[in-house]
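Below, subunit A partners subunit B and then partners subunit C, in two separate complexes.
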Partner chain A sequence: MSPGSAFRVSSLHQRAGIPVIQFAIQRILRSLLTLWIVFTTVFAALRLSGDPAFAILGPEAGQDAVASFRERFGLDESILTQYVLYMKNMLTGDMGDSMRYERPVTELFLARLPATLELGAWALLIATIIGIPLGIMAALRHDTILDRGAMLVAFIGQSAPGFFVAIMLILTFSLRLNWLPSSGRGEPNQVVMPAITLAIGLLAALARMTRSSMLEVARADYIRTATAKGLPRRQVVVSHMLRNASLPTVTMLGMWISGMIGGTAITETIFAWPGVGNLIVQAVSGRDYAVVQSLVLIISATVILTNLIVDLAYSWLDPRISMTGKASE
Partner chain B sequence: MTSRIFSRSLTRRSAVLAGVGLAASARYASVFAQTPVAWSGATPVATPEGNYAPATGVERDAFVVGMYGLPDNLEPAIGESNVSQATLLNIYETLVRRDFRNGGAIAPHLATAWTQESDTQTVFRLREGVQFHNGNILTADDVVFSFERILNSADDSKFATVKNTYIQTIASVEALDDLTVRFTTHAPDPILLRRLTVVPSFIVNRAYVEEIGDDAFAQQPMGTGPYTFASFDPGVELVLERNDNYWGAISPARQVTFTVIAEVASRITALANGEIQIATSMSPDQVTSIESNGRNVTRSIGLANAHIIGFNGKAPGLADKRVRQALSLSIDRALIIEAIFLGRATHLRQFQFPDYGELLDESRPFTEYDMDRAKQLLDESDYNGEKISYQLIPGYYLNNDQTGQVIVESWQSLGINAELEVLDAGKIGTDEMSAHTWSCTNVWGDPAAGYWRQFGPGSYAQSAIWDAPAEFNEIGNEASQTLDVAERRGLYSQLQDIWNVELPATDLYAIDNIAGVDAATNWEPNPLHAIDLHAFNFSFNE
Partner chain C sequence: MSTTPVPTAAAAPTSLATAGATTGELPHAPRRSLRKLFRRMKPLHMVAVGILLLIVLSAILAPLIAPHNPTKSDLLARLTPPAWISGGDTGHLLGTDQLGRDILSRLMYGSRYSLTIAIIGTVCGVVIGAAFGMVAGFARGIIDQIVMLIVDAFISLPFIIVALAMVAVLGSSFPVLILLAVLSGFAAYTRVTRGLTLQIARQQYVLAAQSIGASRGRLLIRHILPNVTAPLIVLTTMEMGSIILMEAALSFLGFGIQPPTPAWGLMVNEGREYLHNAWWVGVFPGVAIMLLATCISLLGDLLRDILDPGTR
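Right, the complex of A and B next:
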């Protein structure tokens, strides 16, 4: 078992004897509790940050206009009433209207989501098809110049902040070579630099994680046995080493995907990519309560849901792990 | 029939004006000195005066403007923000406009001529044959509707702020015939024409707005301008298509996209890379970088907006006006302009904008820096070491962070217990205000738009931070209802004297509006942030 998966496997093992349904209910309840804590924290933080009526209407707005604005968005109610009303609306799927754009938050979110998903998908593809093979190569050529070179690249990639990578890419491919556009969405070439910027950290992390997992697995008895049985090297690597080494990689991918919607803000802002991250930045600076609250809740729900899916994926990847607790290690 | 009757009346009026040597009183003539007083009757002006982009015949399919933001919606009546003013005038138009290449003079637009019937009544002749984007013909009824939807709105409606701060002097608007409309003001209004050049005076089509309703109209705008609405993605882009049925010269770009590129560096990069052709809101230190590739240039004009410091007279330490005077005197504006703005900002003469025209008192000194006098005033004041915060929203105004640091240092040198405080946008307008960054837009090119609009009766300033002396309001009211220029000049001079003592705010500087532009584009920026793409301000060399 790789070190990366040790904690999760043992924690699952502690559930030995817990029926699947009970486990699922526990997880769902815990998820709902987390969501409620997130929602309440964001609600309170936004209310402490000042009155959006002034931020949106400006200081010269008349008292009647301010009162009308507050009434329209329920800001004239007590904090407790606002909280209960908003909670009730969220439970019925009503995220409310943007105070700034006067459009439903759901409409704004859905309009921006495709851009973020597109960017995330490209970044994931780039990171996966380069990062994992790089890690495998480094592991298989352990302690060679290839290994050291790959890890140096990965180390640099993981250390470089996204905004720095973005600027370097823009300087090189937009300004110097004039190959790629630096902003916007619509043309295929516009996604290249944002996707690379978003992918580079994940790519590096995947390469390092894959390498270390592969090296860990390579020392296992069953790999020695498989090799001794005369299995082709490709089969040993792909069927035995890679599959068993993939648990921490899948965990990492799951965490990255779950954080992607909210984690693209910097990249989207630099490249003027019209996604959800960009919308969050605009909503926070514009004190758009409904948008910020709803988006934070969506992002939290995504993280929680993805974690659940990743947990479930473990049982498929490692048959020793069973939700029923019948571990077969 | 009505038209003929009116036509006769106009002919008589024109004859009187021409023959008798301006039968209208001398004071009318002085008020409307920048306007064609003589009625031009039914002769439409094909294109507005003041063309300054040479017509080259070169066209482009697409033109992209990179901006830091877009309007929240496209309702013209409430488009006060910089980004609204930047975009909306390409879709909607006003009766008259200001020609900024001609000192901001009033020029014909949807109205070809106008005349003043009395102290409170002005009649406008509309341009004939102007089509809205849906094909409807512009009539006086549309003008009436455009104003009545604001004037008759409730005080808690979204139109309330503009109704009470921009066109509150207008009592009624009535159609005399299909192409003639009369404006009546509650009292003589020396700046009526100027009010009609900006928000909320855009002309909309009654039939269209009544059909789709105000809310839908704010998302699907329709006017008479050189560009028609194509699509709007809030916070992302606004796409316009050329109006090939436009009444004036046709603009040279078939499609214009206003796209949000929030980061300044990203806008410069996009310009350098040819992705956009105009990059708005550039700072002086970026000029060299923008122009370095030889393909782009910068164009600039002094903004009709002054950065100011608002003093909350109800906050600790700021109640004594001598403290406020001392704070103002301790700021070396010339140094800030030179060091931080590289000279690309204007030092005002005691809160007077340079485009006040005949009302500008050039004998007044530039707002002073005198540390010795500041110290003396502070010694004489009731100041007792209270903490005075200089509040700013980071990045809200160009270079306000750097300027804030200089100002706080100056105040500390003066002996003030001063500190820089980052102010959250949500705290604006609350009783937590102290000394804070603010700005004042001279939206009409007149003192009435300066401290009077922002600090007069009913303003946020008088309700929240300043107990104005009665004399200030009396003189200001008189000035706002006086047609005679010399008289107004005298009244505003008195108002300025009171201002200098009271100082509910102090002016810092008016910055330049700098834009990076593709060198092949003939286009000039505007003091009110407008990205004006009318053909008279927009053409291509290649």
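Right, the complex of A and C next:
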């Protein structure tokens, strides 16, 4: 994507002969189709992988127990019936019951969601208030020690495995300094380390992305013009460069937020943070198929929806971003 | 891969157009690149290449140079600190773990798993992805639509979720990890190759070759493939780092390589319980994972500067 152009808002326009509305409809249909593919794949994969009854009840389970389990979860029906029923339930918002906890998946999910959102919000805050200024600073001091140092740190931050960052934080702040608790949720100080862990990767990516889009924008003609007509440096940076460089960064943030619900799995597991990510890991360990399948669907639906919104917003904002596959040539 | 999937330039955009734009310029010929590679290398890159060589060598030579058997426990020597800390033993340079196994030897053997998965995963992923991408970009029409629909569906999921779901279905084993490694990059390779193929297929020389009757296969292999390799090599290097992090994360969660195999992620997990009295058990393997991933990324960065200056 070319950040320099992305904020050029134009009036409604046509591109490659296809009007925006038609593009929007196409794009929405495509998203629905994608969601259906994910849905069907998940359904098929879980049905093909063996009988959940044995996974949950254990190999020693008696015939009666298995039969009543199958009936309870509708596994005694034909695959096609199960598929249709499942899709119908999904469309009405019924995610089915957890095979292990015997509670509705929706209930489990909603109970865990606030914790994940809280964690995500803190991580987002940390990453943005450090990452973006870091990227701007590196771009403005391009090719100096400051720039190189910041980028090296960002580089390492991006390759640092989250679980290792978590362990180093626990080692330092919980075990050595005894400043912060190493797990749980409730006290305000319990969110600090998980939030930092979750923020590191995004922070690094934001810094690098902001820097490179700033550098790209800095070469644009209108920046030279703005400088030449005598605008103060600060004004050039803030109102010309930053604004034009911000779209890729905003996109990245959008993508991160949509992926966050699943992306917190490792962080939440390490810090025993009772969120959705933790729930997925538990469901995978416990072979709780109903939960795995519903959560995968919820998460992919979130991501697909975000992508759709981002794409539509883009097509609205930038006439040069095309509406069809043709323009990607 | 950090805990959160941060979209990469190649993987993030869903709009077909933005994907094409990331690889906006036609790739440069990969000739002369080796000489350029050395000229462009900064000290940091040299360090990275040096560390990579060291890790690769220790993986290959592990049976010859590892001081101890990586799975042999010695309960008398359990939790021995590294040699330079008081109480350390020069026989166990990096100390021992909770079962008295030598950490340095375990790291050496462990690198074999990380590297094997990363290499097989990347090579298979790029071959499959490039094949799909070239065919989709060249054939266009319905084939293109179907391939891109699958790719879009794939990219729309955070990979860790795909991985966890697959582990739930298939269980955790070495082949499953390889499969995941292949899948993790496949969609990105397809997308990038398709974008480039669409671009290249319109070039004069391809049209010329076509007009004198070159077959489709010949066009793809002789004219298109050589021009997509450079960006793919760059992408491959980036993906390799994330495969290593993914394998480590899964093993850390207990869904990857199973004990007593000395996989790095697993070692970090085992070290968690001993952080308060024996930090070295978990910290050294963690450092190893980070070093390997960082060095591979640095190499990718260097390659990108040289092969694909447009995306710098």
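The rule we apply is simple: the second predicted complex is superposed on the first by the 292 of 329 C-alpha atoms of A that agree within 3 Å, B and C clash if a C-alpha of one lies under 4 Å from a C-alpha of the other, contacts with A are read in each partner's own complex, and residues count from 1 in each chain.
Assume a residue touches a chain if its C-beta (ideal position, glycine included) is under 8 Å from a C-beta of that chain, and two chains touch if they have at least 3 such contacts.
Nothing here was measured: the structure is a model prediction, and the numbers come from that model.
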**Request:** Would you sort A:M255 into first (subunit B), second (subunit C), both or neither based on which partner it touches?
**Result:** second
**Request:** Have a look at where A:R287 lands relative to subunit B and subunit C in the superposition and call it first, second, both or neither.
**Result:** both
**Request:** Would you sort A:F271 into first (subunit B), second (subunit C), both or neither based on which partner it touches?
**Result:** first
**Request:** State whether A:L29 touches subunit B only (first), subunit C only (second), both chains, or neither.
**Result:** neither
**Message:** Under the stated touch criterion, which partner chain does A:I129 make contact with: subunit B (first), subunit C (second), both, or neither?
**Reply:** neither
**Prompt:** Taking the superposition as given, does A:V84 touch the first partner, subunit B, the second, subunit C, both, or neither?
**Reply:** neither
**Partner chain(s) touched by A:S159 [first = subunit B, second = subunit C, both, neither]** = second
**Request:** May I ask you to name which of subunit B and subunit C touches more residues of subunit A?
**Result:** C
**Request:** Using the touch definition from the top, say if A:I170 reaches subunit B (first), subunit C (second), both or neither.
**Result:** both
**Item:** Residues of subunit A that lie at the interface with subunit B and also at the interface with subunit C
**Value:** 49, 167, 170, 175, 269-270, 281, 285, 287
**Contacting residues of subunit C [partner subunit A, same complex]** = 1-7, 12-22, 24, 44, 144-145, 148-150, 152-153, 156-158, 160-161, 164-170, 195, 198-199, 202, 241, 245, 248-249, 252-255, 265, 268-269, 271-272, 275-276, 279, 282-283, 286-287, 289-290, 293-294, 296-298, 301, 312
**Residue ranges of subunit A in contact with subunit B within the complex** = 49-52, 54-65, 67-68, 71, 100-103, 108, 111, 167, 170, 174-175, 178, 181-184, 269-272, 274, 278-279, 281-282, 285, 287
**Item:** Complex contact set, residues of subunit B against subunit A
**Value:** 66, 69, 72-73, 80, 154-158, 160-161, 164-165, 215, 218-219, 233-237, 259-263, 265-266, 269-270, 272-276, 424-430, 438, 454, 458-460, 463-464
**Fill in**
Listed in rising order, the residues of subunit A that touch subunit C in the complex are 1-2, 30, 33-34, 37-38, 41-42, 45-46, 48-49, 123, 152, 155-156, 158-165, 167-168, 170-171, 175, 197-198, 200-202, 205, 212, 251-252, 255-256, 259-260, 262-267, 269-270, 280-281, 283-285, 287, 289, 292-293, 295-296, 299-300, 303-304, 307-308, 310-311, 314-315, 321-322, 324-325, 327-329
